[in-house]
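Below: a set of structures, written as structure tokens.
Each of the next two complexes has chain A plus one more chain, namely chain B in the first and chain C in the second.
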Partner chain A sequence: MKFRCERDLLVEALSTAGRAVTGRGGALPVLSGVKIDASNDRLEVTGSDLDLTIRTSVGVNIAESGTAVLPSRLLSDIVRSLDQGAVDLEVTGDEAQISSGRSQFAVRTLPVDDFPHLDEPSGDQVSVAADELASGLKQVVLAASSDDARPILTGVLMTAEEGGLRLVATDSYRLAVRDLPEATVLGEGQKVLVPSRALGELIRVLGHAKEVNVRLGERDVTFFVEPEDGVSVELTTRLIEGEFPNYRQLIPASYPNEMRVGREQLLDAVRRVKLMAREATPLRLTQRDGSLELMAVTQDVGQAHEEVDAVYSGTDELTVAFNPDFLIAGIEAATGDEVVLQTLDALKPAVMRSTEGSDYLYLLMPVRVS
Partner chain B sequence: MRLVIARCTVDYDGRLQAHLPEAVRLLMVKADGCVAIHADGGAYKPLNWMNAPNRLVTDDDGWTVTSPKGETLRITIHEVLDDTAHDLGVDPGLRKDGVEAHLQELLARDVEVLGGGWKLVRREYPTDIGPVDLLCRDDDGAAVAVEVKRRGEIDGVEQLTRYLERLDRDGTLRPVRGVFAAQEIKPQARVLAESRGIACVTLDYDALRGIESDHLTLF
Partner chain C sequence: MYLHADLDAFYASVEQRDNPRLRGKPVIVGGGVVLAASYEAKRRGVKTAMGGRAARAVCPDAIVVPPRMDAYTTASKAVFSIFRETSPWVEGLSIDEAFLDVSGLRRLSGSPEQIAAHLRDRVRDEVGLAITVGVANTKFLAKVASGVGKPDGLLLVEPGYELAFLHPLTVERLWGVGPVTARKLNDRGLTTVAQVAQLDVGVLVGLLGKGQGQHLHALAHNLDPRPIRVGHRRGSIGSQRALGRMNPSRDESQVMLIGLVDRITRRMRRAERVGRTVVLRMRYDDFTKGTRSHTLDEATSETAPILASTRMLLNRAWPMLDERGLTMIGVSVTNLSNANAVQLTLPLGPRARPSVDSAFDEIRDKFGTNSLKRATHLGESQHSIMPMLPD
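Now for the complex of A and B:
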């Protein structure tokens, strides 16, 4: 195998595919590497941890076709360190020569036969606007759990809803729901649970694309992203099996208290006051007519207070405490100049909504304080 | 333990000189001779203190505490608001491994936390290199060795690996799988455990004790 490629393109192809390589080669050491296929003037780079597979593809000048598996991190670091310009890569026997200008590296390859065979994507292909999907995923993935002990909660539920697509995620402390009415990805009544880690990676590659093609198989889903120029990406992830919690019953039908506040103003104040909310200390929000008071007290460290203008209707004065990180995530995810915080009482779920449209909801459980 | 709430001024003369102006404070005199002066804040830390051994002399205006090193703490008492004394007896001391032992006890009491239908065979199940914390049978009757830690680190995974190797020699138990259970499992330990086929379980100490967390959940 022998080819030449521009450094920046090769770095992008290697680093994107390498994000599926977890480094825990453990049982299968070859998975610490990326598989490189060079043929028909295209270079394909594949990284996988068997749950998530990312294949990147870029047009290059190929002098000799071939396949090799090279250590992902090392190869990526080498190519990134080279000066801008053309990079030559040639594999002979079990050694790869990487050269650019006056720099030369020789890297031992990994056994290509050990690299697992990955099935081709199956299912019908449908297209979705990349920016719409990316914005929806950004608002929802943040609420998925990272605790592998409860695998169902590490996924994002994608479900058909009134002809569009609904994205739902919860880590049991909060719930994010986003409707994409224009995205017809699933058939009526169809729903799948997609690992949030894979969707986090998808968000990263959706940036420059106009469209993303989706193929839904029985056990996996594949997203194809083909920007007008640059590196094409095919991301395949296993679906999570199991029943997602009945999220609809978690959303209260009505709220007696409602506060409307400037989004940026609230975000800045929460970030400031959070400096005094250490060691899992909650941030207290006292809502009253005309203002919202934020307070954080950490024993042995100190306390912070801030008041922001707000329009409030409901119980005379209500104090509700939240995990400050979860609160910030909800405010950041909401769009528009203002956000609405709806509450029942100090111990029941609160809802954060954007004043622009009703297609996003962020449900957040309070923290009990004395 | 003598606890006195008093309006007082305090002067320390020793490695340096320090003065506390008149205010209401807690004066604590421990049975070993330690004297500490606390304000209503500052957590556990006193405003001033003299470690034992000390000599405490009282007069009409207050107390004078002197140490063998020549340090002097003069507490001038203007008004006594409360004065109590209690015999606390001999303290059993801090048990640093208390949480770990308690986790093991709680899990032994309710091994179904680890899996539905699991049964406990024995706590501290002996092997010839030391006892494994719990030996259980899962719902299929297969043997499972459980190592319980407060903080799950690589050392704990290595320890469980050694136990599994010894237990697997017993034909009545073989094959024995492992569960590494801890309140917090370090990422490196989790990777090592999983690469060896050992399952990792994060334990919620409060939930095991039946204590409801302040961090409320949706379901």
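Now for the complex of A and C:
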């Protein structure tokens, strides 16, 4: 195998594919490497941890086609360190030569035959607008759990909803729901549970593209992104098996208390008051006519107060406490100039919404204080 | 000025207090491992944590009694309430020792020495136990003084004479110097605190590493700026049980875990603390130690989830324990926060109701710890579980 490629393109191809590589390689040492295929004037780089596979592809001049597996991190670090310009890579026997200008590296390859063979998903291909999917995923992925002890909650539920696509995630403290009415990805009644880690990676590659093609298989789903120039990316992830909790029953039908407040104003105030919410102490929000009072008290450290103008209707005066980070995530995820906070009481789920449009909902559980 | 008050041979003294026939005789508490030895037994060479057989070998006429943890807990509580009446600044170190800050009490209660003497009288009259008190201008030196003053003594290090008191002592008296460090120092010909004090701090750091080198340098000059820490909340709540050479099976270990977890969660609920990380502590046959930990989804003080997590940790560790043996088992819950601020969760699935826990607690609070037992613990006496300071 022998080819020449621009450093910047090669760095992007290697680092994007390398994001699927788990550092240690685990039970299968070859998985600490990326597979490089060179043929028909295309270079393909594949990284995988068996759950998530990312394959990047870029047009280059191939002098000699071939396949090799090289240590992902090391190769990526080497290429990144080189000066801008052309990089030559040649594999002979079990050694790869990387050279650029007067720099030369020789890197031992990993056994190609050990690299797992990955099936292509079978289903039909549908396309979705990349920016719409990216904005929806950003609002939902943040509510997914990162705790592998509860695998179901590490996923984002994708479900067909009134002809569009609905994204749902919960870590049991928050629940985020976003509707993408224009996106017809799934058939009627179809639903899949996609690992949020894979979707986090997908968000990163959606930035440069107009469209993303989705192909759904029995056990996995592939997202295919092909920008007009540069590196195209194919991201395949295993689906999570199991029943996602019935999230509909978690959303209260109505809220007696509603507060409307400027989004930036609230965000700034929460960030300030949060400085005094140390050692997992919550932020207390007292809502009353015309204003919202934020307060944080940490024993032996100090306290902070701030009042924000707000339009409030409901119970005379209501105090609800929240984890400040969960609150900030919800305010950030809501769009528009104003947000609406709807509450039942100090112990029931509250909802953060945008005043513009009703396609996003962020539900969060309070902190019980005594 | 600081007081370091330390009950003498605590468990054994409680036994001698409650049973006149034991007085003046060598007494060992604990049949398997020696939990405590009376001064008569100590003089014959019996040491705490010694194996029972070895102890009987050096002191064949020792009287071995089983531990009565409830009695020790009661005695400790009585002594600590005397501490608190003596000074508002009490820092408990364990069930039988504490630091007291008596600065500024001169007009109210007299000189530090008078306060110490009065404290000793009260503990003897009201609880019936001997307590040694060291008095000095730092916590460290007060502890050294009580060590030198034992048993049943009062030792005041007069202000201005601190170094004169400290320097002739052997290096083992310095806090943090165990057998290994002592050997390192002795190998260099350093046997007294005075010799250590003469060394440059850099030399000590080179010999013992940065942390310990600086620590010993400071102590040898009686530099100990630490104040009394009052009301400091624990970072973890735990309980452990020494097993000697019983080599428990997996089932037996599980049963012991239930007992430990029951105890810990009850203490957590009483202290209004919840925790997220469960740690299983193990000591192997060769007396080396290891831990395994698991973090829960949600901070809790409920018995069921903490027990489930502990069991899972034990099951995972079992293949290794089968090989390396188990001589001590312990559980602690860390990552603690106040139960007065609990992040609520969405009702995603069925959840065990904590009402069983509170019923358990109420019955035990009203009728005593042993009034209610799990069936798996029937016929078992609750030995070898150390009583502890309040949380």
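By definition in this document, the second predicted complex is superposed on the first by the 370 of 370 C-alpha atoms of A that agree within 3 Å, B and C clash if a C-alpha of one lies under 4 Å from a C-alpha of the other, contacts with A are read in each partner's own complex, and residues count from 1 in each chain.
Throughout what follows, a residue touches a chain if its C-beta (ideal position, glycine included) is under 8 Å from a C-beta of that chain, and two chains touch if they have at least 3 such contacts.
If you're wondering where the values come from, they're calculated on a predicted model, not measured in any experiment.
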Could you check whether chain B and chain C clash or fit when both are placed on chain A?
clash
Touching A:175, do we find chain B (first), chain C (second), both, or neither?
both
Quick one: is A:323 in contact with chain B, with chain C, with both, or with neither? Answer first, second, both or neither.
both
Should A:347 be classified as contacting the first partner (chain B), the second (chain C), both, or neither?
both
Of the two partner chains, chain B (first) and chain C (second), which one does A:368 touch, if any: first, second, both, or neither?
both
Once chain A of both complexes is superposed, is A:245 in touch with chain B (first), chain C (second), both, or neither?
both
Quick one: is A:281 in contact with chain B, with chain C, with both, or with neither? Answer first, second, both or neither.
second
After superposing on chain A, which stretch of chain C overlaps chain B: 76-84, 166-174, 184-192 or 364-372?
76-84
Common interface positions of chain A, toward chain B and toward chain C
147, 149, 170, 172-173, 175, 245, 250, 280, 282, 323, 347, 349, 363, 365-369
Mind pulling up the chain C residues that touch chain A in the complex?
295, 297-298, 337, 339-349
Once bound in the complex, which stretches of chain A touch chain C?
147, 149-150, 153, 170, 172-173, 175, 245, 250, 279-282, 321, 323, 347, 349, 363, 365-370
Name, in rising order, each residue of chain A that touches chain B in their complex.
24, 26-27, 147-149, 170, 172-175, 245, 250, 280, 282, 299-300, 323, 347, 349, 363, 365-369
Contacting residues of chain B [partner chain A, same complex]:
43, 191, 194-195, 200-202, 214-219
